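Which chain is which? They are A, B, C, D and E, in the order written, and residues in each are numbered from 1.
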Amino acid sequence: MDLKKLLTPFTAWGNITKDPVTIKDPFNERPGADRYRGFHKNDIDQCIGCGTCEVICENEAIDLVPVSDSKDGDSGLRPMIDYGRCCWCALCVDICTTNSLSLSNEYTWVSTDPEDFRFVPGVDKKDWDNNEKGWKKPDNYEFYSLKRVHMDELSPEERSDSFIEMMKGYSKEQAQQEADRCVQCGICTATCPAHMGIPEYIKAIRNDDLEEGLRILYDTNPLPEICGRICTHKCETVCSMGHKGDPISIRWLKRYIADQNPSEKYKEILEVENLQPKGKKVAIIGSGPSGLSAAHYLALMGYEVKIFEKLEAAGGMMRYGIPEYRLPYDQIDKDIDYILSLGVEIQYNVTIGKDITLDQLGKDYDAVFSGTGLHLGRSTGIPGSDNKHVYASPDLLRWIVEGKEFEVPESVVVIGGGNVAMDITRSMARLQMVKYGKVQVIATALETEENLPADLEEVVEGREEACIINAGWAPVEIEIKDGVPTGLHVVKCNSLFDSEGRFNPQTDPNVKEFWPGTMIIESIGQGMDLSYISEEFKTKLEFGPRGRVQTDEYFQTGVEWFFMGGDIIEGPDVIHGIANGHKAAVGIDIMLNPEKN
Amino acid sequence: MQKGINNLIEKFGASDLEVRRPGLSFITVENTKAVAAITHLKDIDGYTILSLITAVDWIEDGIMQLTYLLNNPEEIAEIGLRVMLERKEEAGESMETIHHLWPNAKKWQQELKEMFGIDFPTSPGLNDPFILEGWDAAPPYRRDFDTNKYAEETFFPRPGRETHDPAEHMKKNMYPNNPSDYTNKKYNPNR
Amino acid sequence: MDYSIEKFLWSLLGLFIVLNWGFLMASTMRRVGARLAGRIGVPMYQPWIDLVKMISLKTYLSHGVMYYIGPVFRLVGGIGMFLFMPILVGSEIWSNYSFSGDLILLLYFQSFGMLGMAMGASDSGSPHAAIGISRGLSQFAAVEVPMTLAVIAIAIQHQTFSFESIMQAQQGGILNWTIFTNPLASIAGMLAMLGAMSHSPFNLVKAPNEIPIGPPTEYHSSFLSVLRTNSAIIHVVEAALFMNLFFGGADTWFMYIIKTFFVYFISVFVGTVFPRFKIEDSVRWFLKWPTLIGIIAVLVAAYW
Amino acid sequence: MEEEKKDKFLAPENEIRQVAAPDGSIIEVNPLEDYFTQDRPKPYKVRKGPVEDFLNWARAESLWVLGFGTGCGSIEIPPLVTPRFDMFRFGIQMRATPRQSNVFVISGYLSVKTLKRAIRAYEQMPSPKYIVGLGSCTINGGMYYDSYNTINRLDHYLPVDAYIAGCMPRPEALLHGFEGLKKIIKAGKGHKANEYIENLDWYKANQKKIIKDWNMPDYNW
Amino acid sequence: MAKSKLFTMNEDRSLYPELDVNGKPIVDLTSHKYVKIWQGPQHPGVTGNMSLELTISGDEIVESKTHVGYLHRAFEKLLERRLFVQCMPTSIRLCVAEPDTNEYVISNAIEELGNIEVPEMAQWLRMLSLEMARLQVLLRQVPGQAGTFALGLGYQWGSYIRDLILDSFEELTGGRVYHMYIIPGGVRGLLPDGFKARLLEKLKLIDEFIPKIDKLIFNNVVFESRARGLAYIPKEWVDEYGIYGPASRGSGVSRDVRKTNPYLKYDQLDFEPFVTTEGDVYARTEVRRADLIMTVDLIRQILDKMPEKGDIKAETPNVLHWKIPKGETYSKCESSRGEYGMYFVTDGSAMPRRVNLKGPSYTHANALLDKLLINANIADTAAIMVSLATCPPEIER
């Protein structure tokens, strides 16, 4: 026996002099660390109820329960967490699209009732709601890419003098990469006027099943090529990914699906070979988006559809209101040709009210849908706006499409900050570039830079093309010299709406500017032309504010067989028109087949 | 490493070589030659450690893959030997035992028998219960056994939970009459 | 011997004091051990709460008659040891029922409880209890040898088997204590005490690492409270036994408490820093060094 | 069919067999009936009054926890008996045998195989006894809600007095849980053991539904 | 004590029941010579929730059989219905004592098959968390070995320091036991402010702790007499039984994945695993003690060499629909118990096809433990199990 080894262990008794290291008050002394993953907190104002947390939770611990009304960009649902499932991994926090969810550093919850352990963070008040510490998503750490995949486009130099389509479209890799960013929450679907199955078709892109994608598109939207280019993409404004990063390029992804499917295979893909004719006829006035959409769905239901178009080509505003560099004509034709291939007839150069009366149409057909759109340019009414060199943008745009000759001046001023204003601005810039090799177009908008109604990329691209876009100026007077405008006087506009939200621009007359230009284009909105409806007929219709005809949910007017939709009812934009046309088609079917419903 | 693989290919007709990284390769051997190949690897090529035996159920292809992972501590190399068995509907695939090569192999084989239903005739204690107790359903690791379904049927999940899909919920609240429901379901029999 | 009620009551009072001192000592020792580890440890009053709680628990278990009697035997062993050993030296009131041969009786009583426990535990049917008991008995047998040798050596030295006489002989100064007058026997006795106290390294009987708790595995509620009571008594009494034999006994309750504490502390002092022996090692150990010293002590006492 | 199934899982030592008695006669032994009691347990009487309050106080201040780590939660038990958290000072101690424990900490998930042992250990504990469910798994299956081998709701098989949320609960949360349990006991509400006995049929039916080889007596005294 | 004698004792069964052809002992329980007892699952002496079926004669074990499955949660099945990122919280619960190795092996497998390059900073942080995890295990295990012989003092001291290390984990990762720090593509956060200094301060406690346990445990005559010669593993068994980590290094075979297959940035660290040839419980404890010192040193090196800043996570596909092409791999690392590996098969879907975890306990606790326990004293079972570091959840998963 080793004596040393017998005695050394006794040195442990030296510890008797040391005080205990025990935590004296274990309930308060040691709060969770700054990053501790304790109980959940949720900033419910920030949360949009996208449900991504529910999807990522591997324990199925999260349920979405309704706590408020649904509205655009907010489902009204909030996560309810079951602490009988949760494992506090905080994946839900890391993936949260709005950064609203976080964990506190509180960690004690004792209860006798197992049913207690469910709560909606943020809604059910808890002690730890105001706890600053706890797990938050670290910086430089994402579960998905926040950056939108860049779409190739023509450079400003290449595009500034041509009407060739500037956005080149996504390649397969780019589209899949962009589609990969989607968290498939479906918040966008409610906001889309046509309620397109956006997450579904994005999923189809991820799975590289573009035929399925096309089928999903045609469920709700018979003009995907067009919408894929010029849609106002309200969906992207509510996209849950837009809270932390760039929203998904939903519009470009739609375009990708439509572009990749050859038109000759459409019928096969969409399985529309055997349509059952119903033997009833529907007339459609106007071949704009709403008319085409109504025609498509009616044709699918087996109706005999005939479209009456005033102009020489179909497409309405899509063809005549949108410059070619944004929406090439062959793409319009692709969508329209497919619809016509379903058996839809179209008659051009027919003006209702002139060539054929509406009442006659009502007699000849079982139902009539009118989607005549907004073709009249509105005027600002400022001094000098009645000059003949002051144009309305719809007319100019139509002339450009029709190839009508008109004089392209060296300097142009555009009044308006919306997308149409940008279209005409950039079209004029191109024409100037062709003619003079330089650009001098000034667009002036009432709204401030941040609130410009036009899409941001339109503004950015316009500026790249050397257009000058001045935001926050109110037009005062068009200076006329020798019957020709020389420019526009503007004053600074400080605010647009008063405290009650009414349109009431406040200007500062002391800050003045003068934009020179020999052509002034007014592009502050369009008006409708209901001249084709006879006064007698009008008495049967009900008119609401701003001269719009009142319709029911299915766009049926006071006259049973007469349906109206599109820009004249809602809008103005393509996607509303499509949605209206679709719904009107359903309404027509309900009206014509009451026994089925 | 290369020597062992060459031997496998030349002597035992191994195929489908997949080099995952330097020092780790996977290769397929016919099941009749597998035990001979493993013995060769152990006794001659220096793969003296059996890292694991496991199975992968390729139910779509009708294949039950057995993987023997062998380690050569001298050359610092690992070979994953894949043996493809024909998958049977009701379990009961059969493979030769290797418990004589490593004493631990019998435990793996016992586990495979229990969890996958793969039979290793003559392996000692093969039918003794290992992990499960009183199990009377299908071998649970086979792909056709649905653990979630089994759990829900057996273990009384706590009731009272209801979730809402955001898109569906918004549709219900904001646009209950979606025209596409109408056009899809009622009028297009092809959908 | 005096069999009056008065005597009985005094003994009962002594038992009560010893019992509470036992509890207090147990929690104190646990606190000392805890402090060594850096902990605070159980509250001082924990043993009493435990006792009340154990009594308050319901029982509906039966393992047979011996199972019931086991703890009683054990308690009888403990109380018997207490009763037949004088508490304070030279005090008539606190002399308990000591008589001239009480040392012999005490050695017997030491094993009495153990045997009772053995019967009760083996009736409980738990194999762990049976293993624990077989270990306990073999270790006890081994401990008895040096213990008895030490007692014999002291008996020879003082020519008596009476506690009172041995204690009296040690009075009058610290150097009269057996530990100084007969160091060899004391060493053998103290080493045996380590075994008797059932502290590490000789606590394989109760080794919770392999046989949960050992003999009392099946005992619970009031049975366990009886065992707990007994262990409180027996720790003090065992300590008192060695105090009486080697450390001169106690002439006041204060000295009694101080000395028993220190004697008991010796076993804790050793036990805290050593792992436990396997049973064969401990038997071998007791039959080796302590026994050898004991034999020498006897020889020295007899022939010197 | 039912009989057949039962036999399939009967362990050899529990099979009915013939043994020779000391006098040489051959007798048949059915271990499950002869070696264990099949009597139904009876609930104990819950009294009221100051004495009972005092006893409840003692029960609360002396919690003896059974050292049975049923799941991963048991990793946080050692910190409780070591210097940092030291639960001894709150009168909580570990015991190695169910007979001497009155608190059973179900530390997390219970596999079916462990549940069988846990039931056995629980039934061997003297009443009044308490169960503390640790972590999500005991409440609603937690992490393993979809596993074929772990139970989802502990309260279907054993009566639970207090649940502690967490996965893993921190040691402090455990101490909180014990504090909560103490409050329950002191308030005289810690009689779930009686609830178990009163609803024994329901509990047993639930238990037998998932424990396929029920080769143990219905109640382990 | 002569170990060769003990070695032969294991082989010599002449005193004990004969074996039949299958290697099963012929034990007649009615002979009253043998008793069958179960250790576990409710038993303080087994490591975790497992049980040993022991046939004993006196205090000597004649036959032993390991029973597992009490902790079977069917991880491998559950992972087949989890997305890749969802595998993380589930898989770390495979082994509660040292979850970080699980985090690493599964992340590494996913990254390898999904072709993700982990940023350098994340690799250093991963290494730090792995070493801290090893540290906290060893702080329990080294003194815990003495605890199995009922010397709990060192364990109490070690546990205290372990709690402090867990505090550091909480600061770094937000979790005390389950850290969820390593994630496919990187890690979940940089070091918090002042973390380095605080951790280094705690490491100093370990410097003081080691001499203390040296005196208490390694210079303890009773510990030595019990641990020396106990459960001797000859060198030849290492390959045959699949023995890894400290258990193999205690028998003179140096196996350390950090050296043989350097992963992360281990090739930039300076360390040499301790090897001894004794092969008994004492040797394995010594190896673990040396590992403890080495781990402290490694953490210091990592903190020293680690860059200050950097990316913590590589860009991965959106985790909600991350699909990995068909492939298989075996990803491994060195845990405190030895080589810890995961066989990972993907089939092109968003979920793994098959995951098989191989921890050293699988081989340690099954055939090896059964063999080592024969002729051992039942008082030594706990010590033998702890010396092999058997961890039941990684056996049955």
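In the analysis below, contacts are C-beta pairs under 8 Å (C-beta built on N, C-alpha and C of every residue); 3 or more make two chains touch, one makes a residue touch a chain.
A quick note: this is a predicted structure, and the numbers were derived from the prediction, not measured.
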Chain closest to the middle, measuring from C-alpha centroids that were averaged per chain: E
Chain separated most widely from chain A, comparing mean CA positions: C
Cα-centroid distance, chain B relative to chain C, in whole angstrom: 62
Distance from chain D to chain C - Cα centre to Cα centre, in angstrom: 36
Separation of chain C from chain E, taking each centre as the mean of its C-alpha atoms, in whole Å: 43
Chain A, residues touching no fewer than two other chains: 9, 12, 20-22, 32, 58-59, 82, 84, 87-88, 114
Contacts with two or more other chains, residues of chain C listed in rising order: 34, 36-40, 208, 212, 272-274
Overlap residues in chain E, where contacts from two or more other chains coincide: 43-44, 69, 72, 74, 77-78, 81, 89-90, 93, 153, 156-157, 160, 178, 216, 220-221
Touch relationships between chains, expressed as pairs: A-B, A-C, A-D, A-E, B-D, B-E, C-D, C-E, D-E
Touch list for chain E against partner chain D, complex: 41-44, 48-49, 69-74, 77-78, 81, 89-90, 93, 96-97, 140, 155-157, 159-160, 162-164, 176-178, 393
Chain D residues touching chain B - in the complex, by the definition given at the top: 5, 8-9, 112-113, 116, 139-141, 145-153, 156, 206, 209-213
Partner chain D, residues of chain B touching it in the complex: 132-137, 140, 145, 147-148, 150-152, 154-158
Contact footprint of chain E on chain A as seen in their complex: 1-2, 4-6, 8-9, 11-12, 21, 32-37, 52, 55-56, 58-59, 87-91, 94-95, 103, 135, 138, 140-145, 180-184, 203, 206
Of all residues in chain C, those that touch chain E in their complex: 36-39, 127-128, 130-131, 134-135, 200-201, 203-204, 207-212, 272-281
